[in-house]
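Take a look at this one; I'll ask things after.
Chains here go by letter, A, B, C and D, matching the order in which they are written, and residues are numbered from 1 within each.
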Amino acid sequence: MIPLEGQVRIPSGCAVSAMISRDGRRMNGERIIESMVPMHDRSNGLGGGFAAYGIYPEYKDFYALHIFFNNRSAQAECMALLKEYFEIVQDEHIKVRKMPQITDEPIIRRVFVSPMQSVLRHLQIDEKELVVRVVNRINAEPVGSYVFSCGKNMGAFKAVGFPEDVGRYYRLEEYEAYCWTAHGRYPTNTPGWWGGAHPFCLLDYSIVHNGEISSYDANRRFIEMYGYKCTLQTDTEVITYIADYLLRRQGLTLDEAAAVIAAPFWSTIEGKSDADKEKYTYLRTVFPSLLVTGPFSIILGFDGGLMALNDRLKLRSMVVGEQDDMVYIASEEAAIRVMAPDIQNIWSPAGGEPVIVRVKEGAF
Amino acid sequence: MKQYVIIGNGVAAAGCIEGIRSVDAEGRITVISAEKHPVYCRPLISYYLENKTDLQRMHYRGDSFYQDNHAEVIYGRTVSAIDKDAKQVTLDNGDTLSYDALCCCTGSSPFVPPMQGLETVQNKFNFMTIDDSLALEQAVTPESKVLIIGAGLIGLKCAEGLHSRVKQITVCDLAPRVLSSILDDKCAAMMQKHLEQNGISFILGTSAKEFSGNHVTMQNGTALDFDVLVLAVGVRANTALVKDAGGNVNRGIVVDDACRTSLADIYAAGDCTEYHDISSDTVKVMALMPNAYMQGHTAGVNMAGGEAVFDNAIPMNSIGFFGFHCHTAGAQPEGCEMYEESDENHIKRLFVKDDRLTGFMLLGHMHRTGIYTALIRNKTPLSSVDFDRLRIEPQLSALGSAYRDKVLKGAV
Amino acid sequence: MKRIYVKEEWCLGCHLCEYNCAFANSGMTDMVKALRGKTIYPRIQVEQDENGVTYAVSCRHCKDPICVKSCIAGALSKKDGVIEIDHSKCVGCLTCVLVCPYGAVVEDGSGVAQKCELCMKNTCGSPACVKGCPNGAIVYEDRGDAE
Amino acid sequence: MNFYPEFEVVRNDSRCIRCRVCERQCANEVHWYDEDGKIMLSDESKCVNCQRCVTLCPTRALKIVKSDCRLRENANYSDQTIKEIYRQAETGGVLLSSMGNPNPLPVYWDKILINASQVTNPPIDPLREPMETRVFLGKKPDHITRNEDGSLDTKLAPQLSLSMPVMFSAMSYGSISYNAHASLARAASALGIYYNTGEGGLHEDFYKYGKNTIVQVASGRFGVHKDYLEAGAAIEIKMGQGAKPGIGGHLPGTKAVGDVSKTRMIPEGSDAISPAPHHDIYSIEDLRQLVYSLKEATEYRLPVIVKVAAVHNIAAIASGIARSGADIIAIDGFRGGTGAAPTRIRDNVGIPIELALAAVDKRLRDEGIRNNVSIICGGSVRSAADVVKAIALGADACYIATAACLAMGCHLCRSCHTGKCNWGIATQRPDLVKRLNPDIGSQRLINLMDAWRHEIKELMGGMGINSIEALRGNRLMLRGVGLTEKELEILGISHAGE
């Protein structure tokens, strides 16, 4: 019997793509879907997905939970749990387009929730922490519910299938986002589980990732000390938790987090200014177990921007294009040229050098 | 460009050339060589007879020695006079050579005392030069009976050299022992015994009374027939040129530590000189090859404007016959103490006076004796070393750790 | 230029240098064949002082080599800082033994003199005593103090 | 009772050149030269098979072989067992042994295999890409803090910076020689790692290597004073030693000579006996007091290491230490070496380091306090592969001592307690001490560490890991072979094929 996702660690190769408007202009999902087409061969039909930021302006104060349910009873159980902690603002189907390429679909719901203040006071935690805990609990328990997106004013859409099909399936041309990321998956060993597709999300962090990290168990065993449960045994999952831990829990800046995840080599640090030397040495000393090695290119989406990062040896391809207020990122230049056919400025960031794009303050 | 003239072409002359060249690469060097051979070392002539060397290997330096040192050699000429005022020398063919600095390396000549009837002997030879050796080689046959007058270094080396070429060798000397100038009675007796065991006969303590053709009668009445006579009684320093030029001369040309004669710009080196023996604190003609080289080198450096002294000369001899060696050095001054160790095959005699090793005689066992020699030469106070151990065996370990640190952990 | 220096604080008195020297200069390729049953005549000598301190002594390749000046046959010479002996010229007078202040020139067992030539004339390539010293008590290095 | 000697000296007389090196080099006086017969003879009863003569014999005329003279075969009573009984019947004494447990107990390192990248993930070529082995040992903060200007406050608890995750473990001056210490100190200094004084104090000549020195405070407190504590880069409290958990130490008076006694601050010739417990530590809270006393004494500049032997409840002990204020825990497994230990204790007390390490790392992570301390793993780390496995199991660094001794020339004859180490390591006899030239000893240690570092890099590169920190605790990189479910569970690794 082939083990299920989460029962075994599954390495995979992948395609990633992203587009973001620094002016905060909202764009429908057409172009990001199209960008995945030329990278078709980087996926094998066992997973595709998208993350979109700024898509729920009318519900922007609520956590948008995207949930897969295996069946009605799982749904009922899960909703009951949610109600213990949250006020349910809205509970609806995510509209999909039936198509032969996408099969075995679970129940897919979107639930907007607001944490109950009484619970927060009782647990002495903030609302984000509550969301993380509840989501982790739901996802860790094998009851047939899986929360695959839980941020505000953003959402992930993923399924088993080729990414371009998944995009059409979720009717992403009907959503308008200032930032889109996309992922096509080439897992080497999976039955194909919807939850295993990318992006992987926690709060407003979403990760699409291409690579297979060799530091996985070192990262996992460290991060699990801090309440995270790596149930899926995927790189994307652990990277998402690392991002959450460093950015939200430790309050590192994106640059600092990048310097932990893809730490500059000691030889590079030696050549830096005294202040930088001190900073980078400190970060490497304090967070050695969060260094991610092995090939990866990741795009971390967050509220108001994204960060693209390659492993420090640049063992995976990743190119960046810039045109007017738009920034495009993809595994292959071809994908960018689909999104912006007459783009001039395309480059390949160095290994470990984060590309951080922020939307203008107040534009989203 | 300075003009250097060197009279003589022996080891002292070679040292002089090398000394000059260590200071002055340019000056013109002219060597006047009576013999028609490039420099060789006289003691080798006996090894030639013994077939331990040959005419080629006897060359003291390589074939390109003169060329490499830009020295011109005038072979087959002697100097008949030095004009110290004109600073020139006149050769036997009348040619003259000017010099800025002159070095007399004229060596020594065999000394033959008057002996009755000597003129009647046909086959008689000196033993000083290659030519002597070559002539002797021609004169002897496996049936030859050789008589050597003189049981000193030259006579005995000659005996050893001829040993395998002739039927019989007899050595006679007025002195009652062999090697009388360097060995005492006991040491000489051991050496004589060894020589006799190798077939050399001795008539000692007497001299030739009368020669008559191939027959000699000794003062003590002994009579002997011989085919070949070698005269090796002694040598005399060749001092005439300097003496005639007004230089200070005793038994040898008098030179100071810098090898200067009493005449301006005239130096002398080698067997023609007499100089200070620090072991006995006397001035003497030592006629020793190592000293000759060192004197020549010293003279050369000074001639070329450098500064050098040779101020630690001692007499020393390494000599061996038929595989049995003896090393001697220094002196046995009056009142010295003697440390002796001996058995039937070896003798060690060390002479100590005033906290110094002044001399030694070693027979039979020649291991690392240079350590003793250095003690004499350096006038090392014996109280500063572990002489008890040193007496038993020459060893650096008895000279103190500071000394060996200097020697073994650094450059000397 | 490289010279041999002796570090007596590390000498164990094992005498291997003497055997390695004798072997290196034996012209043979097997140590057993070269040395078994034979008296060795090494060019390096291990000494021991009254405190039991041992060290090896071999030619110091002096700046002003008295052996070279004293050699009656012109067999000893100094070339590129190394004092060499031309065995074809040596007549075995042993004057060099008489003058060497360190006792570093010795008789070779056959009547002629021999001394350390830094293994430049054998197949060893670099001094065998140094290579074979188990404790680094003999070193061959350039300290810039040689001529 | 006389036994036939354990070893036989086999001399190939046709190769022997009578150089007598064997005779001169044997402190046990096994060999001698017979002038009459012109032959080398030997007394094999004195031979400890240290291989000194074999190594130095220039003609390979010698070998030492195990004697085949055996008592009657008995699977229950081995020769060794029987002879030990004879010896005890004769002497009434406790049997002493040296170096690590030689018995055929499981070596888990050898049952753990390392992963390599294929296809889905590229191996990394250490010759072409940077491959980092630097490690910091010490307490890591749970939360970062920022200065007023928003920059990171980079002040940290004191850390040890290692160029590679291997250090030289504690061996006291006294148990080993001055030259062995000099070799270790110089090598540690050149390598950018640390060596450990052990409980023998720090010779004044070695204060200059303080930056690379861990000074030990053990139950005897020998050689401990303020300058000593301040001289090092870290202080190690030795609670126990893998080779002899539960007992103290004993340096015989014969070794407490000259500078050894001065450095230990004990009278010359007196036995230096370290008690089994620290008499000021009878409980975990006492340990905390000592940790903080030492930190106070050194103004919180130095990390404090607590070294314990791997014993049954090591995980709980480690958890206690991690909460005691210690910065680093050193765990010493039961195969660790010693200069002398009662044989029964060495061979029967303690547990394997692999299991102890895995248990400790897991427990500290389960309790969320793994960041409080770094873990050093010692007790028979024999190769770069062992190091890699230890790091992947969860160690921050490894301690090596036996391997370091081997690098310095030790041949594991396990006779350290006799004080006649022919290799100049475990001896104070000047003529023997001299045999270890620190120029050579330190260079060999450096070579060994260089070699291991290269191998570690190769192994890491194969796994697609280019920095050692990404290997730490990365148990997914390990698989077991021939291990039981329980063993795999404790090690926290899967079986090969899974």
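One rule holds in what follows: a residue touches a chain if its C-beta (ideal position, glycine included) is under 8 Å from a C-beta of that chain, and two chains touch if they have at least 3 such contacts.
This is a predicted model, so every value here is computed, not measured.
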More contacts between chains, B-C or C-D: B-C
Innermost chain, taking as reference the mean of every protein Cα atom displayed: D
Separation of mean Cα positions, chain D and chain C [Å, integer]: 42
Centre-to-centre distance between chain B and chain A (centres being mean Cα positions), rounded to whole Å: 102
Chain B and chain C, separation of their C-alpha mean positions in angstrom: 28
Centroid distance [mean C-alpha coordinates] between chain D and chain B, Å: 69
Chain D, residues touching no fewer than two other chains: none
Touching chain combinations (by label order): A-D, B-C, C-D
Partner chain B, residues of chain C touching it in the complex: 3, 5-8, 45, 47-50, 53, 55, 57, 60, 62-63, 66, 69-70, 72-74, 88-89, 91-107, 111, 143, 145-147
Complex contacts: residues of chain C adjacent to chain D: 7, 9-10, 12-16, 18-20, 23, 31-32, 35-37, 52, 132, 134-137
Residue ranges of chain D in contact with chain C within the complex: 14-21, 24-25, 55-56, 58-59, 61, 431, 434-437, 439-440
Complex contacts: residues of chain B adjacent to chain C: 11, 15, 41, 43-44, 47, 52-53, 57-61, 289-290, 293-294, 297, 316-320, 323, 325, 327, 329, 366-371, 373-374, 377-378, 386, 389, 394-398, 401, 404, 407-412
Residue ranges of chain D touching chain A (in the complex, touch as defined): 117, 120-122, 124, 129-130, 132, 134-136, 140-141, 143-144, 146, 151-152, 154, 156, 159, 365, 368, 370-371, 394, 463-467, 469-477
